[in-house]
Amino acid sequence: MLLELDNVTVSYGRIEALHGISLTVGEGEIVALIGANGAGKSTTMRAISGLRPVGQGKIHFDGQDITKMRADLRVIRGVSQSPEGRGIFPGMTVRENLEMGAYTRRVRAEVDEDLQRAFDLFPRLKEREKQAGGTLSGGEQQMLAVGRALMSRPKLLLLDEPSMGLAPMLIQQIFDIIVEINQQGTTVLLVEQNAQQALSRAHRAYVLETGRIVKEGSGNDLLTDPAVKDAYLGVA
Amino acid sequence: MNFEFLGDNFMSLTVTGLTQGAIYALVALGYTLVYGVLRLINFAHSEVFMIGTFVTTIVWAGLGFGVGASAPGTFGVLGLIALAVVAAGAASGGTALIVERVAYRPLRKRNAPSLIFLISAIGASVALFELVGAITDRQPRGMPSLVQPKVQFTIFGADVTNLQIGIILSALAMLAGLDIFINRTRLGRGVRAVAQNPDVAALMGVNKDRVIMLIFVLGGMMAGAASVLYDVKVGITTYSVGFLIGIKAFTAAVLGGIGNLRGALLGGLLLGVVENYGAGVFGNEWMDVVAFVMLVVVLLFRPTGLLGESLGRARA
Amino acid sequence: MVGLLLGAAACASDDDGGDSTDAAACGSKIAFFGALTGGNAQLGINIRDGAKLAVDQYNKANADCKVELVEKDSAGDPAQASGLATSVVQDAKILGVVGPAFSGESKVANPIMSKEGVVIITPSATNPALADQGDKTFHRALGNDASQGPGLALYMKDVMKVQKTFVVDDASEYGKGLADQVKKTLGSVVTANAVVKEQQTDFGALVTQINSSGADSIFWGGYYREAAPFLKQYRDAGGKAKFVAGDGVKDQAFVDGAGAANAEGAILTCPCVPPEKAGGTFAADYKAAVGRDAGTYSAEAFDAANILLAGIKAGNSTREKLETFVDGYTGQGVTTSFKFQENGEIDPSAVAIWAYKVAGGKIVADQEAPKS
Amino acid sequence: MMAVLDSARKADEGRVRAVTGLRDRWANLPYGWRISVLFAFIIFLYALPGLEIPLISTPDTDFTSVLFLCAVYVLVAVGLNVVIGLAGLLDLGYIGFYAVGAYTVAILGSPNSPVVIQFPWVVCVPIAIAVTMVSGVILGWPTLRLRGDYLAIVTLGFGEIIRVFALNSDITNGNRGITGVPVPSEGTWPEWMDWFPGITAGRPIFSVSNVIGFYWLALTLVFICMLGVRRLERSRVGRSWLAIREDEDAAEVMGVPTFKYKLWAFAIGAALGGLSGALFFSKQTFINAQGFDLFTSILWVAAVVIGGAGNQLGVALGAILLAYLPERFREFADYRLLIFGVALIVMTIFRPQGLLPSRRRKVELEDRAKEGAVGE
Amino acid sequence: MSERNNLLEVDNVTIRFGGVTALDGVDFSVKEGEILGLIGPNGAGKTTCFNAVTGVVKPTSGAIRFRGKTLVGQQRHKITRLGIARTFQNIRLFPEMTALENVQVGADARHKTSVVGALFRTWRVPVKPHELVEVDAKSGFGRAVQQVRRTGQRIFGLSRHTLEERAAKEKATELLKLVGIEHRAGELARSLAYGEQRRLEIARALATEPGLLCLDEPAAGFNPAEKESLLELIRKIRDTGVTVLLIEHDMRLVMGVTDRIVVLEFGKKIAEGTPAEVRENPAVIAAYLGVPTDAA
């Protein structure tokens, strides 16, 4: 297993947001995490990437215990996250934002190569190379966030709501790209509101509800599960 | 009020104001860097500057250029100044780093509210200047006049000396260097990233602690350089020298837009110049009043300073 | 009302005195009152050491009947002075005070101590108004600003022959007082004036102002902390006018700070006798006891303490008796001959204003200023 | 090293538990008991100058004067607490109000001021309070719309402007100052007070050389003002201040006119500052620009925060320590401030919630500490 | 459903931040006494719409009217007093005040006592004996003091401050009971559980006596049981005569409780109607539920 969460709890002040989450992500998989607003999906992501301290439980990545590791060191180990709300640096240009993604890497030639790859994936970004990140539209920012996350050549890519605020056309496109990235060898853990899309693309998925995992299974199984349909697909 | 005097000596006041403002600007950088990244008024920065002024005298005295010594040749003087910049930069940078480690880092680890940081900063400031005060018996310390000012040229009736040119140009050069560092290098990008969004910066692999150490050291070095310029210009220092310059530099930083490097430059120069005009018109004793009134007026019309906050994101 | 207060005060000091009549004046105390800490400590330390020397010499000579010197450190702060003054008053053994050192704290402390009869001899507070506060036990062991001012102005006019003077003061009690006196005496010779701030170090606008005024001389009413950087910047900007200042600037730190070349020729006056010209072996004794050369006001403090000690030696064991003694005292000190007037001021004929000159990086005595 | 720190921290936590326990036990005492103890404590405070308690008395300077200074500083802290502790506005130039109050009394009441009106003290003080309130509003009107940190520098500037004005203006007599600041009353101690140590019947109640009268007046004013602020704290006004401090936007949306209440906080803080200034300089009888330096102002803020912003007893304790410790430990003379500075740093690290935290603060800081970043 | 008056009218409102258009000519109205749902995908502009109504942001163009009065340009606290209250998506309580105090702040919006009144307790009102302070001290000094206070109140009456304080406390306690957290009244808001905090926010908003209550994702982070009881609560609130404007993601909740629904996407209104109508609307299905892929 590339990533293993074992009974992880996370608290905000006195409020426990995750009450013991266990999940695994295997090498080469796309795993989706779905659930309602406030169910704890983003908190799970933040615990994995190291932005929130873990109360109890353990996180293993690539055979190593990273529970207490600093966030920036996890990036060097190969965890990269495109955060919720995209987290574009508004005062930096598109190019600088992308270069921030490669902050931990020293070989210039490789970085340039990846920059090229990002521009190939998102030609839109190439057009806006010199523009400040804050002035991009929502969709462009989303592309930039995903592109930036790839710049560190992660083993595991964490995507937090990549479809948020995008037009249906763009949603399709983003998910296509996710699949493409996955096929190139990057493992993906995905948090989505858009359960339909996420489940149809993911190999496996977990359903979160108020800080607990209530269901897991293959993407297709969950897609057809009546309870899931009822709760998250809005089709009664 | 004496507007006639202002009219007659406008350029002359401008030049002296710019010289003064250049020093404000360099000190203001320290406030701006720390504020830009940590949203924290580093009250102890004034003492970081003060330490620099003393280290300069110690270095010079150690090399045989104590009080009353005559200046060596041009290259000797430049050498002494360069050496002082290195030593004062290191000392001030080091002091800033110590302040960060002792007074701020433990609080950051505990996620303390900003008011607590302010108190800790006040404590650090008091401790530093009282320490130096005790060591120096609260006596001013003089130093040799290294640069004998010579008038280089005259614009609109104002004599401009080599000393003034030197101070303004060195300040500009250092500022430009810092600007390039922050805007063009990988480490500088890291600083800006932490300023704009510390969490996401960590997701990019930026070590926040190291960035914070870096900005304290950078700010300290700029204050150290400023302290050398100050020593060359003023020729005397005391343990309490930091307080007023610190307040002025902080005012300059806010004026230009705190968190904004170029804002610090603009704020510093503007403050120096306007202060001098004010002193000319209303009398020297009203200088600080003019400075603060200008600050209030600017903030009323531009609540985030002249150039706005840019190192960090604007707060909602 | 006033009469009532005085009656009460006299009555109180009678009570206090009651305890110590049997033991005569032995074990009496005199107090030093002034700054030993804070930014203005050096002057206070000079004074304390001068007074201490006097007391030590006295105790050596009268080993069986010693007098104790109590130190009251006010940091020069009027706010701290009142509590200290009250504590002086409450210690019935304290008969007299050398100090307070500064004029500001004197305004607070003198009424408190005077009301209870404590004999005050200040060796350094030179504000003229102190003598007019109605403090009966106040004495001043040196000339005040009103005498220094005219003296030094006359020196400027008659000896230096200045034509156009630019007067600067620092708005302090002392600096402004002196500057006002100089302005009054010099009259139309003063072309312009300006005020600087305490702790100001950058004088761009002021230098421009003086340069454009065409003055041939500058009078500085203030302290060396501001004067030194000013003079350096003024000379740096090509200013040539002669620099004159009062005793607040008379300190080696001024020469060092301004740079010897810049300070060369500056005239500094002081209502104090040069220590080397002070009578007897004072200068040598001081150096031996303290380890430094006598500083500004050390000699005055030595004299002030000696006057009090002479009174105690004569058996004046109460504040009231000591006050009578000091009021009637005549004698030669190391600085000048002492005889106090009704208001506590030293006799005008005894006031000596000395002019000092910066020469070769050192402050040396030049000559006594002409008397008005 | 870490072990020492930890054990120190533990010991301190023990102390806090004891204090908290005391507070709970206090709350559980019968009403009559509480009232009685409170009265006894108040009487003890009034009697303090006459008690001559060995370790507490100050050896070098008059103890009653120190007590008076403590009382004045407590008054300052109570006012500053309204601004900082309750409304959450950082005012670094509070000393400006202190100066305005003091100068108003001096100028209107002294026979030696440039404006010879010579109002009696009881007339001067209400005017002084009114003038400082107005100055608070004048300062607050344009600046209270600014964000927190900007407010800090602007208030700092205000404090400095007041000082420079006092130093250079004719109406304040510059640094020569004004002597003969009026005392509250010309009355004398009656016969029946003669038994109290330090009081002599027939001598003036308010005299520079015997401060008991001033101390009792200051203490009385402290109690009145603390009671007044407590009334505000436990009313709609106090709740609005807290809400503003907690979340200004949410407060506004809940119908709190935030600007109005911030202005009130400023004005009330200013009034208390002015009152303390008037009181202190009446005792001193002499006023000049010395003693209004920004440094003191900043120390006040430190005292309020260290004492425990938001808790009246806490800020009072902070103020008392600030006034008392330097006088008690005069033997450390030159190192007093140095020790103070180091103490501030140590305090913020060990006790960020202040010596006597308000219960709210304590919970908040514990939560914040728990949320510290990962991997440290 | 009978024809009812429009309580709130949002008229062609456009809001731009920098270059981004958050709302683009949105038009809708809320009728007196109904529960209106405002739905749409994340980032569709729902919260911006709330912010415009409650005065947090100012519309670039367009008008918002409440009971016929225009709200644009009004100060926020005045809007609250006109009768609009709200909760926040990311809970914004006053964390260091107790639950009771939080609600009291809301209740204060309807009270008048200000600094002078609180300080001097002027404006006395005569009262009946049962409203006087209780004498509960056992004996002695404490009892005497309480007696004196009681006598004082009997002679001078109670101040408006005291009466308002009592009213605020009563109302707050009542509302805490309504949302079901009265047992936590004395706890600091920050130490309440998540669900309790959400409920407390609703109580606080209700305390301002609103005509219109705006709820921003009140069910976020709730489990089905909690959602069920929230549904009950919203109905209960509506039954007390308060009109409700509801942003919510949970479709079941929205469908179950609302009378009408407005759907936003990319800052534009794409549909409006009863839950049943909206559910059938193809544009809504496409936009909000996501386009089903072939795999589905």
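Read from first to last, the chains carry the letters A, B, C, D and E; within each, the first residue is number 1.
What we mean here is this: contacts are C-beta pairs under 8 Å (C-beta built on N, C-alpha and C of every residue); 3 or more make two chains touch, one makes a residue touch a chain.
Listed by chain with UniProt protein names: A, E = Branched-chain amino acid transport system ATP-binding protein; B, D = Branched-chain amino acid transport system permease protein; C = Branched-chain amino acid transport system substrate-binding protein.
Predicted, not measured: the structure shown is a model, and the values here were computed from it.
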### Query
Steps needed, at minimum, to get from chain A to chain C via touching chains?
2
## Note on the structure
The chain whose mean C-alpha position lies nearest the overall protein Cα centroid is chain D
### Summary
Most remote chain w.r.t. Chain B, using mean C-alpha positions, is E
### Message
Centre to centre, using CA atoms, which chain is the farthest one from chain A?
### Response
C
### Query
In angstrom, rounded to a whole number, how far apart do the mean CA points of chain C and chain D lie?
36
### Query
With chain centres defined as C-alpha means, what is the inter-centre distance between chain A and chain B in Å?
43
### Message
Taking the mean of the C-alpha atoms as each chain's centre, how many Å separate chain C from chain E?
### Response
72
### Query
Per the centroid of Cα atoms for each chain, what is the distance between chain B and chain D, given in Å?
33
### Query
Can you list the residues of chain E that touch 2 or more other chains?
190-191
### Summary
Contacts with two or more other chains occur in chain C at residues 41, 171, 195, 197
## Note on the structure
So chain B residues touching two or more other chains come to 208, 243, 283, 285, 288
## Note on the structure
Interface with chain B, chain D side, in the complex: residues 84, 90, 142-143, 145-150, 152-154, 156-158, 160-161, 164-165, 167-168, 294-295, 298-299, 301-302, 305-306, 309, 334-335, 337-338, 340-345, 347-349, 352, 364-365, 368-369, 371-373, 376
### Task
Can you check the complex and tell me which residues of chain C touch chain B?
38-39, 41-42, 171, 194-197, 199-209, 212, 224-225, 228-229, 232-233, 236-238, 253, 255-262, 361
### Query
Which bits of chain D are touching chain C when the two form their complex?
60-62, 64-66, 69, 164, 167-168, 174-177, 179, 186, 200, 202-204, 207-211, 280, 283-286, 288-291, 327, 330, 333-334, 336
### Query
chain A touches which residues of chain B in the complex?
186, 189-190, 192-193, 196-197, 199-208, 310-311, 313
### Query
What part of chain E is in contact with chain A in the complex they form?
18-20, 41-44, 190-191, 193-194, 197, 217, 219-224, 226, 249-252, 255, 266, 286-293, 295-296
